[in-house]
Structure formats: structure tokens, C-alpha cells
Amino acid sequence: MNLLEVKDLHTNFYTDHGVIPALTGVSFSVKKGEVLGIVGESGCGKSVTSLSILQLLGNKGKINSGNIHFKGQDLTTFSTKKMRKVRGNEISMIFQEPLTSLNPLIRVGKQIEETVLLHKKELSKIEAHNHAINMMKMVGIPQAEEKYAYYPHQLSGGMRQRIMIAIALACDPELLIADEPTTALDVTIQEQILGLMKKITRELDTSIILITHDLGVVAEMVDRVVVMYSGQVVEENEVGKFFANPKHPYSKGLIRSTPSIDQEDNLESIKGSVPTPANKPSGCPFHPRCPFAMEICKSQAPENMYYGEEEMVNCWLYKEEVKTS
Amino acid sequence: MKKFIFKRLLELIPVLFIITFVVFVLVYHAGDPVSLMLPEDASQEDREYMRESLGLNDPFIVQYANFVMDITRGNFGTSTRYDMDALPLVIDRLPATFELAGAAMLVALAISIPLGIWSANRRNSYVDLFITGGSVLGKAMPNFWLGIMLILLLAVNFQAFPVSGRGTFMHLVLPAITLGTSVAAEMTRLVRSSMLDTLGQDYIRTASSKGVPYVKVVVYHAFRNTLIPVITITTLQLSILVSGAIITESVFQWPGLGMLLVQAVNARDMAVVQASVFIIAILVILINLITDLIYFIIDPRIKHS
Amino acid sequence: MTEAVELKEKHRTTEDQKVLLEVKNLKTYFPIKSGKFKRTTRYVKAVDDVSLYVKKGETLGIVGESGCGKSTTGNSIIRLVEPTSGEVYFNGENIASVKPKDFRPYKKNIQMIFQDPFSSLNPRMHVFDIIAEPLVTHKLYKGKELEKRVVELMEIVGLDPELLHRYPHEFSGGQRQRIGIARAIALNPELIICDEPVSALDVSIQAQVLNLLKRLQNELDLTYVFIAHGIPAVKYVSDRIAVMYMGEIVEMTTNEKLFSNTLHPYTKRLISAVPSTDPTKRTIGDSDAVADELNQEETSDQGCKFAARCPFAQDNCLVDRPKLREYATGHYVKCHYPLKH
Amino acid sequence: SGESGEVGTENGTENGSVTDGNLVIAQSADITTLDPQDSLSTNGERIFRNMYNRLFARNQDMEIVPEIVESYENVDEETWHFNLVEGITFHNGEELTAEDVKFSLERVMTDQGLKEYPYFTQLAEVNVLDTYTVEIVTDGPMPTIQHVLAKSGADILPKEYVEEVGMDGFVENPIGSGPYQFVSWDVDSEVVLEKFEDYYGEPGIWDTVTVRAISESSTRVGELLTGGVQLITDVTPNEWDRVNDNEGTSLVQGETTRVMLLMNRLTEGFATSDERVREAIDLAIDQQAIVDSVLRGSGVPVRSRVPEGVFGTNPDLYDTYVHDKERAKELLAEAGYEDGLEITLTAPRGRYPLDGEVAELIAVMLGEVGIEVNLELLESGTFIDVYSENENEELIMIGLADGLLDASYSLVHYTIDRAAGQTDYNNPDVDQLFQDASRNLDEESRLEQFKEIQQVVAEERPHTFLYQDKVNYGVSDSILFEPRLDEALYFDHIQPN
Amino acid sequence: MSEATSEVKKVKTYKRSGNVKLFLKLLAQSKTGMVGLFILISVTLIAIFADFITPYSPTEPQLSDILVPPSWQEGGTSAYLLGTDNLGRDVFSRLIYGTRVSLIVGVLSVVVAGFIGLIIGVVSAYFGKWVDQILMRIVDAFLSIPSILFIMVILTIFSPSLTVLIIVIGLTTWVNYARIIRGEVLSLKEREFVKASQTIGTSHLTIIRKNLIPNVMSTFIVISTLSVATTIILEASLSFLGLGIQPPDISWGGMLNDGRDYLATHWWMGTFPGIAITITVLGIIFLGDWLRDVLDPRL
């Protein structure tokens, strides 16, 4: 059974400048123990997707339709109180900016401990304290006892991100959502953080949604890839197949425009840039940038087309192909 | 920390020097207390004699040099109005002013912090509109107007409080409300915007993602962070507090520094004006210093840098 | 320590390419002022004895982790910050010793492209004014001609000249970076220092800008110093690459040699940390990499700065500071024990 | 300061009928010193009158009566002998003797720094004849000697005590011989006095008297209405109804020696140097209308600076005014200003009751006869600068009081020396009359001389007189209070009701 | 080339609306902003056309009509809508003329203060080092003396005419601008576009003029707007101390102060100017707050 199943999620933001449809039909699922990668460029809705799952959209954002089934239960029907029990406990999250994501005025150890105390009610204060220190050790922070009393600004970026991971994993969540956990870090640190995540989640059998715009990270880390563009999922596939044979023109473009060390030939770029939700093109949102755009793309949005168990593409090019397969 | 305080105190010297100069230039040109000391009928000779005996006929530089020298000895000159040393006169008034300012600050904090937080958390609701509107109103209302109204209504009509003077707790209520309101008005807006700012921070999202209940997010995670900018701006509110105190004290006949100053200015009692301005300036600076020390306490980022 | 490094290659390979820029023993220290009353207690050695050269028409890439001094190097060359010591020869002239106010003419020949397309354009100026600024400052064009030149520049970088009178916020990140590039090439400079010109851009846009830079280099005969922390991008555009670590250049050589014949352990570490885009060649999480960020803090004043993190460090690495030396032709390295292949 | 702290609800509903032997008075400004010889203010006088004794005093009708003088003798034109009442003690228990009188008078005669000094310059010598007899020798005949000796400058200070603690020490903790002794003074706030049990005469009727300073007029009234104080001074006309309509308080109006007037510049070059213009100005102003409207009757139109009750007054010029707009216009035309005239009127604002408003009215009234007025309304301090530096132009409005209650005090303004630079009034006859009067010990002829001066002045108009100011007290029904012309307060004349 | 143009087209359709239109659109979205602008425009119009609106001379006393209550109250007449004051002058007419002076004082003294503060703030931050040190010590000194104190002392030297008041308020309140502008410029100066100008060789003056000042303008406008409100209140407070605009000039503060002795007995004298001040200040603050939102450079 899938641990998490997101179906046709629509999320809007109601701002002073009008309604912003940030997500327009997002569906995917995460299996137990699996690492799911969500890729896409800035503004395509990756973060909103993750925040929607935890319902942390603030008072302006709202899930308009769709369901989020977690272990069979629909999170969108949960009360605030019930949702609080899920957050940090069963589903937890790591954010991109480790500096700003930690409260600057609270000792890092305390911030870990807070989660523990919240969700593991059976633990005493001292036990929670020890648990926090253990978590710090587990994420590879040396002299954890001493560092417990540090404030975030006293730690380096990598260390802070480790603290974030410790907070996220403190209550053995079943699902960890990591929203660009390494974008702000140097490659060498990134390597360690990703390695750490891989190791720990493997040990704990935690599923991960890894959000990134770095295809390299995807290739390194994930089992399955979901590609988002302009608030929707345009392709979903197993990671090997995805890199070997990307279907959607956007996916192809992404891969070809990503420089890599093994790069021999010239980079190809996708023309234009990502549209904002407020001025999303008609039909397929990618059509103005698509080298294969057809007439139909301009007027009619394609449906999700499944050509395998969990292989999906959202593109008119594959209409025939999918039908015949 | 000690070093820090020392440095700040050192920094005071040029500032105080500038202050003495500015104050002195003003006072030097402020004209002559003599005619205010003598009745309308006094003859020119009487005036001239008085002027000479007060040393008002010396050239500017001599007067300034004397002034600075005297100040370093803690001597601000003699009040022409009271014929007493100016400094003790000013210092005697400090307790009353501190009492009023402190009470007003408490009133202001008691009003502004809860209201500011409340309206930030109900952004764009009617509550927010009401509180914001109220704070603007509080700001727009001249201080003396409110004071007189409070006297008319609560002291004269309902006789719930004494009209004026200082003494019991009841005496303090109306002046503190009057002065506190104007400060609270501004501070409510500040707390609100600072709170809004804080609530938009990533770590608030982190706290929520951990499952922390909203109230605790606000109280435990957001509040202290909200305070930091509020403290800065609160010290900038000092000048509102001081000018408010000047007016409020006059309305309520509160025997504090503000009233002394108004009377001194009216009587051209420049020694007292100088001493008051100087003492107020030092107090303002000291309070700023204390604020910085508060940062040390509540903001670890400063402590470790 | 400041002993001059002889960049011998320059003398050997000048047949067709002359050296446009040569930096010798450049040091830029920032005083750390503590408290408010400012006494300088320590220095951040942002650039600590850097020597490099760039030949006309080539691209020198500078890579390194965040904070290693890449930007400061670039800024020191163009005198945005005043270098503490060292020489910078541009076309054979030492421009580091020119008085700040006499430096202006050189600014025509060296330009800069900045990282953040959002903050590098004055939000209160039209595109026209932004691109025209260098031309007006150096009084090169006026009136109609100025407009013609600006339009021309916009076309060169692929912007619709119709957008002349728009404000920066009306553009996307990629377009803004094009505006920045147009401004940089306006004076026909010989050298452009690109400080992470694509780091802030979306992947799909990055490629656009990288390709544009490459095209302009060909068309306008430009020389680039290309600063970036993303190794793939540097590799894509550079002819030669310098690797920086904590204010120093630890390795410098041609593009292929750096990857095929890596000499410095740090370079190796850096390259291996780059995730590959091939899911079949996963490396992350397989090895227990040293906790870099810990040891990084424990650098002493003595010895090799990388020693604490270096898996191959020997005893003397902790004591003797290595010098940059030419290990093989045109391949410079700052290591006592370069990797064997 | 506890007494004043009573909350209105306990005390105020009955409007202070329970005074418990404690009297609270509020005046509009505080005293500035406790040294009676260094103060010329009415506010100070209200305290000193009760703390100290003088050789002479004025009774309720402003007649000069001996205070601590048993008997006195005018030995010759320049020599006076005074026998003191025996058994007077200072608040510290020491006896008041001729030595103290000599000490006090010599101090004020010789110390130029004292504000009262100018009044005592004509005293030449003070000699102690015996413990209770003092001789005063004046410099030439001095008709005003008793007036002077009834001023606060003549308050008797304890010689020994002052010498012991010094003047600074004395001012901090002053000691007199009056019916009330000093308890405390909070600057700008209040002075507290208490009954002096060993007073030589009738003991005081109040246990304590607190004199508060409340500058804000509505606050002062508020205190009265709520019973916080029993007597307030300087009630502005707009507050009268509040005071009168309130149950338990009422308004009491008293006269003052202060006359509001316009000083004319007779200096060459100013339009007001023309007598016809000055007359036109006087005729243009409707003094009665001013008094009736803005002042709501709180004043008396006069044509002299010496009001009734002051020695030397000319009754013909009291409670009278001239007003004739047509004649004023004619005069202006005669003077050559048929096309209008522009003059500057300098006036204070906030120095005297409703001064600004009165000035505005005058400007309008002058405007009606064709004199365009540049009204220069100045804050008190600035105003007095302009006044004392003689920087004003044609007209300056000012209120002048009589500290001596003797016309010589006021009429000196019309002497040539005194007028120089100010009004530049120059009438040798007036000058001579004044000089004669100031050496004249014969009251009757002296009075005539004063009357004559005033008559001339009323016609030649170096000053254009407006009205004699009145002072308005708010009085609680719990006390009986009668105002005095000199605005002083004798606490013992304020009776519990 | 082609790829770029398509990118461009989209941008074009996206933010086509010009600045003015956008401004109006944003204004329409904010109720308080609208209200604020409306109030401010009305008040300004009243100030400009005072001569045409007032039924009576605002300064001429009318002794026969002293302290007439407002028209709807017992004893009031329709001739005097808001009643008359203690000299029989029409409160309504005075209120309208008072608008003029209050606005002039508010606006012009802010102009003076803003000008000084802007220059000092920019120069101090841009040149840094000793220039900054000196200027900031001066700012500290001024900051530690509350401006009302300053003004009180200065006004004992110069009697408070309109011009004097404007200059004095301006000279004592500039610090606030200097401080805020300096902070803004300090961060602005680290922005890359300033560095870009420096690499081009642009002169300091041009950098200040083109890069710094335009970018602090929005902050500047916001503080200025709010300062107008503060100044109007300040003038009222000064009037209370007898240091405001002097008659025969009419300001709301002056009227309010004249009316304060009459609050208990003839409420209309002081209440209407009080209301006028409150409404105007309210409007200005609304507008200022809205400008703060709109002019935020992040937009």
C-alpha cells in the first residue's frame, strides 16, 4: 500500500493581488521506504505541494480540492488538532534555509527537545533531553552534549542542517519531506548531508519526498521522479528510466540543459522562462516553450497519461503512444 | 560586555560635547532672563545691574568655556528663577518623572503588546481593523486634549480620581493613562508589524511543522523575536515619552522634570533649561545603553559576536 | 610567504596568445573590527597570496566553496575592494598601484557581471538608462547615437529593443542577466569578470545564459574570469580552471587536465562531491566522508590549510605551508604530496 | 502632600465643608523663593504675609497700620523712631528685637542683588536705640516710608539664625515670626505651612495651610470643584459659570492695582508722536465694550494708572472712558491721515488674563476708524524682552501694577528720565510736579500734585488707559473669603464657614 | 534570439499597466488607502480654496455674537454652523483657514527636515568612515534631545511665526530621516547595482543621485507622509505650551489651545479643531501606511 497518496490537489493563495492558483491538479504517491524526488524549477509549486501535505499554507493558502491520503486517512479532513499530531511526528519536514529555519533565540538542543516533548508524551524531561542529544549524535554532531546549548548562529550551515534533520527525525516519522535540503550548502557539505539522509532513513525505514531542482541530486538519491511544471505534475517515472528516456519535452529540456561533469557536448537550453501562476498560458502550460508544440497544446490541457504502473506523462505527444501500449 | 559598556560610555563624550555646544548656543541666544525676573516697572539700571551680576555680559567664548568647565564640575549654574543650584533642582524632579514615565510605559506595554499581537494574528480581520484604527486615533489625539478630557470626565464629573498633583496611587492613574496612550498608540503598530514580520519567518513555519500548537508558536517562538525590533523602536519612542511627559505634567500639575522645564523655558531660566536638557540627554543615552544591554540578554546572536 | 611565483608557462606559450591579466601575490585582508569603537583585532584573509593569469580570449574559471575568496579576488582585480598587497598586471600595466581616482580609465576595459540578477540592476532605472550608464559615464555616445548603441547592445544579448523603457522588475531572471551582460559589454571591454552569473538562475535559464556568454566571447573576442561554485558550469565554459581554497589557489590548469589528472586532494574531494546526473553511478552515502565542515574551522596559521581535512596529510603538511608550483607544464598545484595517477 | 491627595468622592461631594483645620489654596504659579526680600511677586507675598512680620502692614482697606510697631515718632523730616512690640518670638523661639530689624533693613538697603532693593534706596541708616527701639534715617524727606516698610522687603528676618546658617540655609528652612511657620516647599508644586503655636498675637486659625501651584486653569477649577482645594486664584471668565453653577463653590471678584494700558511712542517719527493720533486711538477704543464682552465685566475702565484705593488716585479718572469714533476719524484727518494710518501694536499673550483677545479687539476697533494695526502678539518672555529693550513701535500693550500702593510708584513713568527711550514723554511741568511730590511729607498737597499729574497725562496720553484688571477667585462655600486690593492673602482672614 | 523575444512578449502582456494605472489599481484595493487619500485631497482642497468657502472673516471679532453654540444646539443659529468663539468669530471659518496653516506647517517643515535628513543620511552612509562617524555623533546628540525640547528652547529666541516654526521644526526633526535613510543606504550600498556603477567608473555624485536617492525615495516618502501627521500634532502641542502659531494666524493647534479653557463650558471651541486634527492625521497615517505597503521596493 502507498504510504502517501496525493490526488488531484488544487491549492490557491488568496492575496491582496488576487487569487493565485499555485497547484492545479497534483497527483503522486509515495511508497513505504521509498525516496521520491520532486524536481522542477523555481515557482513551479514544489514547496506548496509539501506545505499542502502538512497543511502549513498559512492563512492565505487553501487546499481547494483533492485528497491527501496518508496511511489510508485523508489529511484534508483532519482537524487542526489532529493535524498537529501528524506534524513532526508521522510526517516531518526539512527546509531549504537552515539558518532561517531555526529559531535564532532558542538553543538548538531545546528545539529538538521541543518536538520530542510534544509527541512523545511518555518521556520525562530528562529522557527527552537525552533523546535530543542522541539524535544530535545520530546526525553526526560531535560533542553533542556541548553543542546542545549552542544557538543556531554558532553552528555552520551544514551543522544547522543536521540539527534540522535531527528535529525532523526525532520522533521516527514515517515520511520525511525534505524541501531543497542542500541547495544552500556547498557541494562537499551537500554530499555529506545527502549521505546522512540516505543512511538514517534507510536505518529507520523512513520514506522521503526529496524536493530539489538539481537533477544531479535526483540522480543520486531518489527511487522515483516526479517532474512538476507550473503547478502540476508533468511526468512521473522510475529514476533510471527517467534519465534514460525522459518523455515530456520539459523533462528532456531540463536534462539537456543541466551541465554535468561528464558533459561533452553543448548544453541545450529551453527558451523562455517559467510562467508565474498568475499568468499561466492556456492549454498546456509548457506550450510556449515547447519545441514540439502543436495546435492542440495551445488550447487544450493534456490529461495525465499512464503508460505503465507508475509511469505517467502529461503531454499530447504521447496520446497515441499511450493508447496503443 | 564590560568593554562594550566602556566603549559606549566613551562614545558619549563627543555626543555630550556636541550637546553642550548646541544647548549653549541656543541658550546664549535665548535672551535674557533679567527682564522676566524684574517687574515691568523696573528701571534700566536695575536691569543692567542684574545682568552684570549674572555674568551675562561676558563674550560668547568666555561664557562657553566657563559653561563647559562648570559642567565638568557638575555645576550647571544657578537658577535665576529660584536662586538655587540648577542641577539639584533638576535631580529632585527625576523621581516624579520616572514614576510617571514608568507607569506610562507600563500602561503602554500593557495595551500595546497584547493588542499588537492580537491584531497581527488576526490580520485584516475586523479585530485588526479596529485595533489599528484605534491606535491611529490614539496617535492623532493631542496629549493635552486627552488629559483635560480625562480630568473633566473622570476627575470632575465622576470624581473617581484626584484632579491633579502627585502623591497616592490614584494621583498617578490619569497622568499615566494620558501619557501611556500616546506611546501605546505607536507601539501597538510596531508590535503588530514586528509580529507580522516574525510570523512570516521560516522558523515559525518550522515550529508549526513540528506540530507545536499555535498559541505556543506565538508565545514561545514568535514573541521574543518580536520584542527585539520593538525594543529598538521603543527607545526611539523615548522622545515621544519625554515630549508627552512635558505636556502631561503640565496638565496634571505633576511636579516632574517636564513641568520644571516648561516653567524654566517660560521664565528663561536657562541654567535650569541647560541642566534639564543635559540630564534628559544623558538619560536618553543611558536608556539606549541599557537597551543594548537588554539585547545582550535576549539576543544570543549579539552575545557571541 | 609572499615570494613571487614564477608563472613560467606564460613565457613558453605566448606564441599566439598574450597574457591579458596577471595577478601576482594578491592579498586582500578584511579587518575584523570588534565592538563599535573599532580596533582592528584580526583579519579575514579573504584572498591570501593569489597568483594567476588569464590569456587573451580564454576563460579562466575559478571554483571553490562558498567563502573561499572567489568574489574578493574578482573585486580586488577591478578595485571594488582595495587589495592589501600584490600586483595586478593588465596588458602589462600594474593597475593595483594606480591611485583609486586614476583608476577610472581602466574600468572601461574591465567589466563585471554579477551574481544576483535582482540586486545588480537598479530597480529605479529604465533598462535604457542601465545599459547606457557606462556609455554616458565615459561620454562615448550622446542623443540618437546613444540610443542606437543601446538598441544594438540589447539585440546582441537577445533582448527585444521594444523593452527599452521598462523597469527591471518587469523582467524575468534570465532577461535581467542579459541586461547585466549588455551593460558589461557596452564599453567593449577586453576582460569581463563574471561572478557567479548563473547561480541564481533556474536550470533552464542557466543554459541560456552560459551559451550567450560563450557566443559573445566568440563574437566580441572577450576574455572571461568566470567565478562559480558549481563545478559543472565552470567546466562547461572554461578553458582553464583555478581551484580556490580558503583564500588560496590550490590548483590551476587546463580544463581537461584538472579532471583527468587531478593533483590536489581538495580538487579531488570537490569533484567527487558533485552528484552525477547518471543514476547508475551513485556514490553518495557509500563512503563515510570526513565531516568537512568540522575540520574546516580548525585551520591553524601554520601548514597547509587543507591539512585538517586531507585524507593524505603527512606530518609536515601541518607545519609547512606549501607553495604554488608548476607540477607539470601549465599545471600548478599547491600541495606537498600531489596525487599520483 | 497627603491632604491634597484626598480623592474627591470622599471629600468632594460635600465640597470641602470638612476642612479639618486644613486650608488648601491653589494659585496659578508657584513662589520662586522663600526670601521675602528677593521677591516681588504676588504669589510670594501670599506666603510671606503669613510667615513674617513687618513694621507696618495694610489692613483690608489698604490703610497702613502698625504691625509690630507699638508706637512711632517722626523725629524730624529725615528721622523716624519705631518702638517695637515686646515679646515677639521667631519660629525658632528667639526673640525679635531691634537688632533683627536693623539687620533685615540694612540687608535690603545695601544688597543690590535683592529684588526689593530698589524700593529701599532712600533709607540711609538704621540704628538700634535700645532692644526695642529702632531709628531710621532717610535720605531727604520720604513720604513713602510707611508704604515701603509695609512691603515684603521689610519683612523681619532672624539675625542670629541667618548668621548661623547663612542665607542659603535660611532659604532652605526659613524662619519668621508670623502666625504660620514653614513646613515644606516642593518647587512648582506646593508650599506647606503650619500654625505657629507661640505666635505673639491671635494664634492662627488653621492647623495647616497648603498653597499649591496649578498653572493649568481648568485643572485649578477642577480641583476646586472636586473639593481638592478651597480657594483658587485667577479664574478665567470662561470658567466663572462652572464655578458659580457648581453647588458649593462660588466666584469672588476682587480689584487689583493693575491697569492695562497702551504705551504710546512719542518719539519723533512715529505717528503716535502726534497728540491728535493718540487721542484718536483713545477715542476709537471702546473700553467698556472690551470689559463687558471678553472680560465679562472683570475690569473697570479707567483713564489713569492710579486706581481707587491707591494713595494719590484721581476719582474723576476712575470708572470712566472716552469713546467717539467720529471724532477719532476727524482727528486722524486733521493729523493728515485721512487715507488711513498703519501702526504696529505689540501685545503679550498669556501674560495677563485674556490679553491676546483684548489686543485683537483693540486692533479691530482701531481698524474701524481707519487705523490699520499690525498686531504683534508675543509669548510672555519674548514680549517682555521687546518691552524692556524698548523695541516696540507705536503701541505696546502692557499691564502695570502698583507695588507700593502709592501713586509715586506709577507716576514716575511720566518723568523725563524714566520716559526716555520708552514713551519719550517730555513734560517739564509734570516732571517738576513729581519731584515736588516725592519730597513732600504733607499728604494733602501731595495728593493734589498727584491728581494734577494724572489730569495732564490723561489729556496728553503718553499712555492710553484701558481698564483696571480684576482678579477672580474661586471660593469653596466651606470658607469665607474677602479679596484685597493688593491681592495678598492673610490666612487668618479666611474663615471656616 | 527568437527564444528571447518570446520571453519578452510574455513579459509585455504581463505587466503592461503603467505606473499610474498600477498605482490606482492598488489604491482601489485598499480601503484605508482610499479613505486616506480622499481625506488628504479634501483637506488640501479646503486649504487652497479657503477664501471661497468661508462665510465669515476668520479673524474679525464680532462682539455681539460671542460664544454662540453650534447651529443644532439650543441657542445656536444657522448663521454659525459650528458656533462662534470667545471673540464672536465663526468657528467654521476659522477651522477652514486653520487647515491652510496646519497643512503648510506640516508639509513644509517636513520638506525642510526631509531635505536635511536625506542628504546627511545618504552622505553619511555612502562615504562611511570618519564622515559617518562625525555625522552620526551629531545625529546621536540630536537624537538624545527630544525635538520638542529643542523647539521649546529655540522658540524662546525667535517668536514663533509661521516661517520660524517651519524652519525650527525642520531643523530639529531631521535626525529621524537621517537615521533611517542611512540604514537604508548602508544596505543599498552593498547591493550589486551600486557596485556595478562603481565598476563602470560612475562618479560618487552620480551614484548618489541615480542609484541611492531614487531607491530610498519610497522609504523617504513614507516617513515624510507620516511625519506630516506628527508635525500637525506637534504644532498643536506647541500651541499648548504657548509656542505654536500666534494669532492673528490661525492653526488648528492654536484653536484647540484657545478652546482648552472652554472645554467644560463651551465645548465647540476646542472640539472641532480637535476633530479636524484627528481626521486629517488619521487620513495621512492611513495613506502613509498604504504607501508603505505599495512603495515597498520588493514589489
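We call the chains A, B, C, D and E, going by the order they appear; numbering starts again at 1 in every chain.
The rule we apply is simple: contacts are C-beta pairs under 8 Å (C-beta built on N, C-alpha and C of every residue); 3 or more make two chains touch, one makes a residue touch a chain.
Please read these numbers as outputs of a predicted model, since none were measured by experiment.
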item	value
Contact-graph distance - origin chain A, target chain D	2
Chain hops separating chain D from chain B, counting only touching neighbours	1
Contact-richer chain pair (by C-beta pairs counted) among A-C and D-E	A-C
Between chain A and chain E, centroid-to-centroid distance (C-alpha), Å	49
Inter-chain centre distance, chain C versus chain D - centres from mean C-alpha coordinates, in Å	87
Averaged-CA centre spacing for the pair chain B and chain A, given as whole angstrom	52
Distance from chain E to chain B - Cα centre to Cα centre, in angstrom	22
Junction residues of chain A, two or more chains touched	269, 271, 273
Interface hub residues of chain B, defined as touching at least two other chains	11, 31, 148, 152, 156, 250, 265-266, 268
Residues within chain D bordering two or more other chains	218, 379-382
Chain C to chain E touching residues, read off their complex	75, 78, 80, 103-105, 107-108, 110-112, 114-116, 119-125, 129, 133-134, 137-138, 155, 158-160, 162-163, 166, 169-172, 174-175, 178, 180, 183, 187, 208
Chain A-touching residues of chain B, taken from the complex the two chains share	123, 201-203, 205-214, 221, 224-225, 298-301, 304
In the complex with chain C, residue positions of chain E that touch it	1, 3-5, 7-9, 11-12, 14-15, 191-193, 195-203, 206, 210-211, 214-215, 217, 297, 299
In the complex, chain B residues that touch chain E	11, 14-16, 18-19, 22-23, 26-27, 29-31, 136-137, 139-145, 148-149, 152, 156, 238-239, 242-243, 246-247, 250, 261-262, 265-266, 268, 273, 276-277, 280-282, 284-285, 288
Sites on chain B touched by chain D in the complex	31-32, 34-44, 46-47, 49-50, 53, 81-84, 89, 92, 148, 151-152, 155-156, 159-168, 170-171, 250-253, 255, 259-260, 263, 265-268
